[in-house]
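Labels run A, B, C, D and E following the written order; every chain starts at residue 1.
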Amino acid sequence: MSGGMILVVFALILWAAGWALNARLAHGPVSQTRAAQIAVPVIFGLTLIAMWELIVRGLAVPGVILPAPSAIAATFVAQAGTLWEDFVQTFVKGALSGFVIGCLAAFAFAILADRTEFLRRGILPVGNFMAALPIVGTAPILVMWFGFDWHSKAAVVVVMVFFPMLVNTVAGLADTSAMQRDLMRTYGAGYFQTLVKLRLPAAMPFIFNGLKISTTLALIGAIVAEFFGSPIRGVGFRISTSVGQLALDMVWAEIVVAALAGTLFYGAVAALEKRVTFWHPSHRH
Amino acid sequence: QDMDEVTLQLKWVTQAQFAGYYVAEEQGFYEEENLDVEIKPGGPDIAPEQVIAGGGADVIVTWMAAALAARERGVPLVNIAQPFATGGLQLTCLKETGVETPEDFPGRTLGVWFFGNEYPFYAWMAQLGVGTDGADEDGVTVLKQAFNVDPLLQGQADCISTMTYNEYGQVLDAGYTADDLVNFNYLEEGVGMLEDGLYVLEEDLEDPEFSDKMVRFVRASMKGWKWAEENPEEAAQIVVDNDMTGAQTLEHQTYMMGEVAKLTAGSDGALDPEDYQQTVDTLLSAISEENPAITEEPGEGAWTHDITDQALN
Amino acid sequence: MSNTAPLAAQGAGVGRSGRVALWARGFSRGLAPVLTVVAAILALWYLACIPMNAPQSVLTASRADIAVDPESPSDRRGMSGTALALRNPGVALSYAYVQDRPKLPAPHQVSVELWNSTAVLAPTSPRSLIYHAWVTLSATALGFAIGTGLGILLAVGIVHSRVMDMSVMPWAIISQTIPIIAIAPMIIVVLYSVGIQGLIPKAVISAYLSFFPVIVGMVKGLRSPDSMQLDLLRTYGAKKSEMFWKLRLPSSMPYLFASLKIGFAASLVGAIVGELPTGASAGLGARLLAGSYYGQTIQIWSALFAAAILAALSVGLIGALERVLLRRMGMQQ
Amino acid sequence: MTAQPVIRAKDLNLTFQTNDGPVHALKDVDLDVSKGEFVSFIGPSGCGKTTFLRCVAGLETPTGGSLTVDGMTPDEARKARAYGYVFQAAGLYPWRTIGGNIRLPLEIMGYSSSEKARRVKETLELVDLAGFEKKYPWQLSGGMQQRASIARALSFDAPILLMDEPFGALDEIVRDRLNEELLKLWDRTQKTMLFVTHSIPEAVYLSTKIVVMSPRPGRISDVIDSPLPKERPLDIRDSREFIEVAHRVREGLRAGMEVA
Amino acid sequence: MTAQPVIRAKDLNLTFQTNDGPVHALKDVDLDVSKGEFVSFIGPSGCGKTTFLRCVAGLETPTGGSLTVDGMTPDEARKARAYGYVFQAAGLYPWRTIGGNIRLPLEIMGYSSSEKARRVKETLELVDLAGFEKKYPWQLSGGMQQRASIARALSFDAPILLMDEPFGALDEIVRDRLNEELLKLWDRTQKTMLFVTHSIPEAVYLSTKIVVMSPRPGRISDVIDSPLPKERPLDIRDSREFIEVAHRVREGLRAGMEVA
């Protein structure tokens, strides 16, 4: 057996070992602890990365096709400054601002649409139609309209998160049981009171669903938009430029940045969700 | 009898820039050489160097700067033919913005193509001593220009990159006349770099069978180019027929064919070593963070006349 | 424990007095509001065309030797479209809807282009949008099938295996934070190099985007039975498989369909994104790109609308399937 | 006690359309309830008790006949905050604590902070849930949830109290105590009470008027005015009048069952 | 009747951890139930009746003490399909008709088609829901849903029947009838019954053993063996023994309340 094949076999053994370890952690007495809940996915990820390293080396995959994790890590450290600059440009300026504007606008719009039956009936189908629209396609148009800097990226993000948020919020506002609504009616509660005391709390699981979907969309939108014109910084810019320069290690370092940012963003929203919708059955068991 | 298969990866979408290959295919020049050629169109995010490294193509069309950069990064590309004798890359500025000479650049916003096409631009800026981080008065703001000429038309940039055979025509189409525009041709500015050439992997060339295939391929392709130069209208029609997106217009492709013919006119397919050396020197004169194309002489083997010598006999 | 105590959904039957009334009300309840909203959007759209296209209108007019204000092009450069339109109302209006490459094409321009590129041409012509829609749809459908199958399988695994729940779910989330467009060209190149091309690379990207909504929805759906419903089966000593078929699966149906709809839209995005880098092959994504490359805004918009119509039709189909199935299951009143 | 009628149902009909044909939930229901009366509804399950209460509260629209509350339509009365309603199931909001659930109507009706706190405390004590104010609904047993929902309806001053089997999930002792408390409250506040129960003794003990209903179609088969005095110690249940009334109710129920 | 014990609880404890401190739902519960016994549990709401039944069924894991069912752990017994369970709320599956809901356990336990059909029909008649087989749960009134859930538990042959206030939402007449039917069924099948109720007469009428519980912490305060004969016509409720037992239960409940 060649040296390369040995590495590949070793990778498979590592996989089995990692899985076995996780199985013990997950079913063992420690499974409920926080440490185990973090350790299991981390071990899973580490085995995947180790396998990647071994297989890339074992099969001698060219670095311009798929670089090894070790090379990516080295670039990540060496280029930390550039990566940070790209992160600020794409995530903070583009994605985050677009996310906030888009979600707030959708929320306000949902409340407005919800106010009158007529509007809701009109807007929901149109909103659903637009939500199914492959919004990435609007990126070239929005870049044309809003220029190449972060404003157009934010605009793409706004458009991308708007409809999922709108549809979720409207659906959430309607998700109350007959009895819960009847109770409010017996109190002679007004529209606003019913909204604040019943429908908004009841809508929270849906709203957070929309927010969570939007976090991943926001990042994708901001990056995609950079492919259609950008200043010379930003995650999307760097990725496309580095692919052209065959600097695949840099490409993957940027992907790591995006994944880290996205995961933290998602995690933050999920943590908030847990605090706000603690009462929902899916958070209780 | 079985024909030899060849896969060609283009640098960009189907257009008259690659007319020679489509003509050779349609006119049966490849078939005459007993070749079955598959032409794969490229696109904005397809790096031909990466495709060939992954084994997805036998031969690619790319620019020399990108090929040399790939070579330094471990993809040993060899230039086997150079159908484009000169280059069509230029920087096009609007006179009304007040840019007439390179001295007017500082403080301006310039549109540049990246994805391996940025090397000539950075070499030029290095030569002019103009900063590219846009921070100070003496520098320029660089914007990554996408696929079209919008930044110029919409006033987001003072100058943009164009190819003589394509984007420049689009600017003219948009209603500007040649008098409204100033063109800086990279070749004339002394930072020209060789454009579309044919490249293969070094180790493939060691295989005599493969070499032989390439000889026939280059011969047929050059025949196609010459045919295209002589019959620009028919060539444009062939290109349009091969466009699967249905987006190309005959009018624009005819224009493009006319301009491209000017670039291929001086070439019989053989690489001029002086042009090669100029490209290398320019690249080496401007090594920087932004411009990491190559850091040392590519050395022997970055190009060869073996194929063209045999093909032209 | 029993905060979900059952109460017949009272009042559901109120006012359903005959089909005639239903039909009569159908218009005001269904079509009229949608039409109103659409009309409002169209009106806004037409209005927006004027300032959006004003700079080009004014340029065209000045070339045709019509007096415009301000006269010098360099003075005009810094001005907004609205300002230009206000200073040249006549010019802005008369050229707003007739440009070849407008910044914002008017609805009728898009419809005409849509009509010309669908009804007039043979569906097999590369200039026909039907042809491109078909190319995209086939990649979407394949990717959607793969993604949905994978998503359901993983969800079943996650619900039944703690190891999978704890290890796969976080990584499924992380996988979605990777910008797909960044790796799409690489996926295509890598698959190229092992000899796979055409439909499958696009389908792989589609599947990558669509498995996530399905996994999330299905995990939620399979976990949606409340503790009493689960306890009931546990008292029967039901096996895990019986729990799945008799309880988890039926109660996950509404969630499944909701995520199928999102998943399909995601698949379509995936197929289009997969078509972008290979700008010269067929498909709606290639159309979008080619349009963008040549500044053909009308073509971009019509490709976009073709994609939206495709999505709406497919999602509508899934919705119809949902209604039929849920009604047969008695879950819809 | 027999003042002007507050609730006036005339020829009330309600038919539900279901997938297999219409269900006649209420048929030709005629009933007058005067201000301050305590009316119990009793009848086999499915006879339309809940449906009738819902009509009174304006939650269901009758398909025939007329129904007025204090001269207004049920809807207007509802908007005038005439009702306290205890549903057949507890229906607490899961995102609010027990205290928060009881506070809900007080918030809506704009009571002052101190008044809110006072009333929450008072009604929690009334239903024996002091100390559970900060718990969430799912942390309580079924009976405790039901008591919380009673507290919620009692916390504010609605002139009409509609209670749909409020004590169904409670044990006899607590039930007896709550029955007594309810009578006291009624005496003190002069509310008009509509009360659904399945327990004959409970109906007789509490009511000034007992409405016996029978199913398919749901209609009133008997209306019994109670001869019992207003003052009712628990041992009144051993008195002759009590047993007689109970007997008549039981007979009414039997008869209704046989016809159906 | 006093054969070997089927259910054996020794020093059983169960504590729930909640947001504001632990709740001691069961404390030091000792109880033996013999095969074929009919045991009723009575006690104020929140005293742990439901929790105890859930422990027996293996749905809740005690935090202390031991509990065996037929010598097995509750979990093993559950897998051996020893239980029929009627929950405090009906808990019908909304996507199945009433008939489909009753068929559910039969499907799981692999009864033959004809047997399934026969049993569904039989139990529907038993609970007076013949003709509602094809209706969906939300088309039924609260009491009808509860009856359907009783039918579901009775349709198959589990040796141990756990019923958590099954008749809470039913009217007296139907309740009486179902009480009689339940006794007949018990007599015929020799099942072991654990039955939670809030009605003292019901507990006394049905049981061979009455367990009185008291809350905070939930524990057993009295266990009363019934002296009543196995044959029990409805009017046994007027007998002296009956009234005496009822009295003892009531006293037990009172005492438990005062201590708490």
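To be clear about the criterion, a contact is a pair of C-beta atoms (placed from the backbone, for glycine too) under 8 Å apart; a residue touches a chain by one contact, two chains touch by 3 or more.
Quick caveat: nothing in here was measured; it's all calculated off a predicted structure.
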{"item": "Third chains touching both subunit C and subunit B", "value": "A"}
{"item": "Greatest separation from subunit D - chain, by CA centre", "value": "B"}
{"item": "Which of A-D and A-B has more C-beta contact pairs", "value": "A-B"}
{"item": "Geometric centre distance via CA averages, subunit E-subunit B, whole Å", "value": "84"}
{"item": "Interchain centroid distance [CA atoms averaged], subunit A/subunit D, Å", "value": "50"}
{"item": "Subunit D and subunit E, separation of their C-alpha mean positions in angstrom", "value": "28"}
{"item": "Separation of subunit A from subunit C, taking each centre as the mean of its C-alpha atoms, in whole Å", "value": "18"}
{"item": "Multi-partner residues of subunit E (each touching 2 or more other chains)", "value": "50, 88-89, 136, 139-142"}
{"item": "Residues within subunit C bordering two or more other chains", "value": "1-2, 4-7, 9-12, 103, 185-186, 189-190, 193, 276, 292"}
{"item": "Subunit B, residues touching no fewer than two other chains", "value": "44-45, 47, 50, 54, 146-147, 150, 154"}
{"item": "Complex contacts: residues of subunit A adjacent to subunit C", "value": "19, 22-23, 25-27, 31, 36-37, 40-41, 43-45, 48, 65-66, 118-123, 125-126, 128-138, 140-141, 144-145, 164, 177-179, 182, 213, 216, 219-220, 223-224, 227-228, 235-236, 239-240, 243, 251, 254-255, 258-259, 261-263, 265-266, 281-282, 285"}
{"item": "Touching residues (chain side subunit D, partner subunit E) in the complex", "value": "18-20, 23, 42-46, 50, 88-89, 134-136, 139-144, 146-147, 165, 168-175, 198-200, 250, 253-254, 257"}
{"item": "Footprint of subunit B on subunit A - complex, ascending", "value": "62-65, 140, 143-144, 147-148, 226-232, 237, 240-241, 243-247"}
{"item": "In the complex with subunit A, residue positions of subunit B that touch it", "value": "44-45, 47, 49-50, 53-54, 66, 69-70, 73-75, 114-118, 132, 141-147, 150-151, 154, 156, 290, 292-293"}
{"item": "Complex interface listing, subunit C residues touching subunit B", "value": "55-56, 59-60, 63, 72-74, 77-78, 101, 103, 125-128, 131-132, 184-186, 188-190, 192-194, 197, 276-282, 286-287, 289-296, 299"}
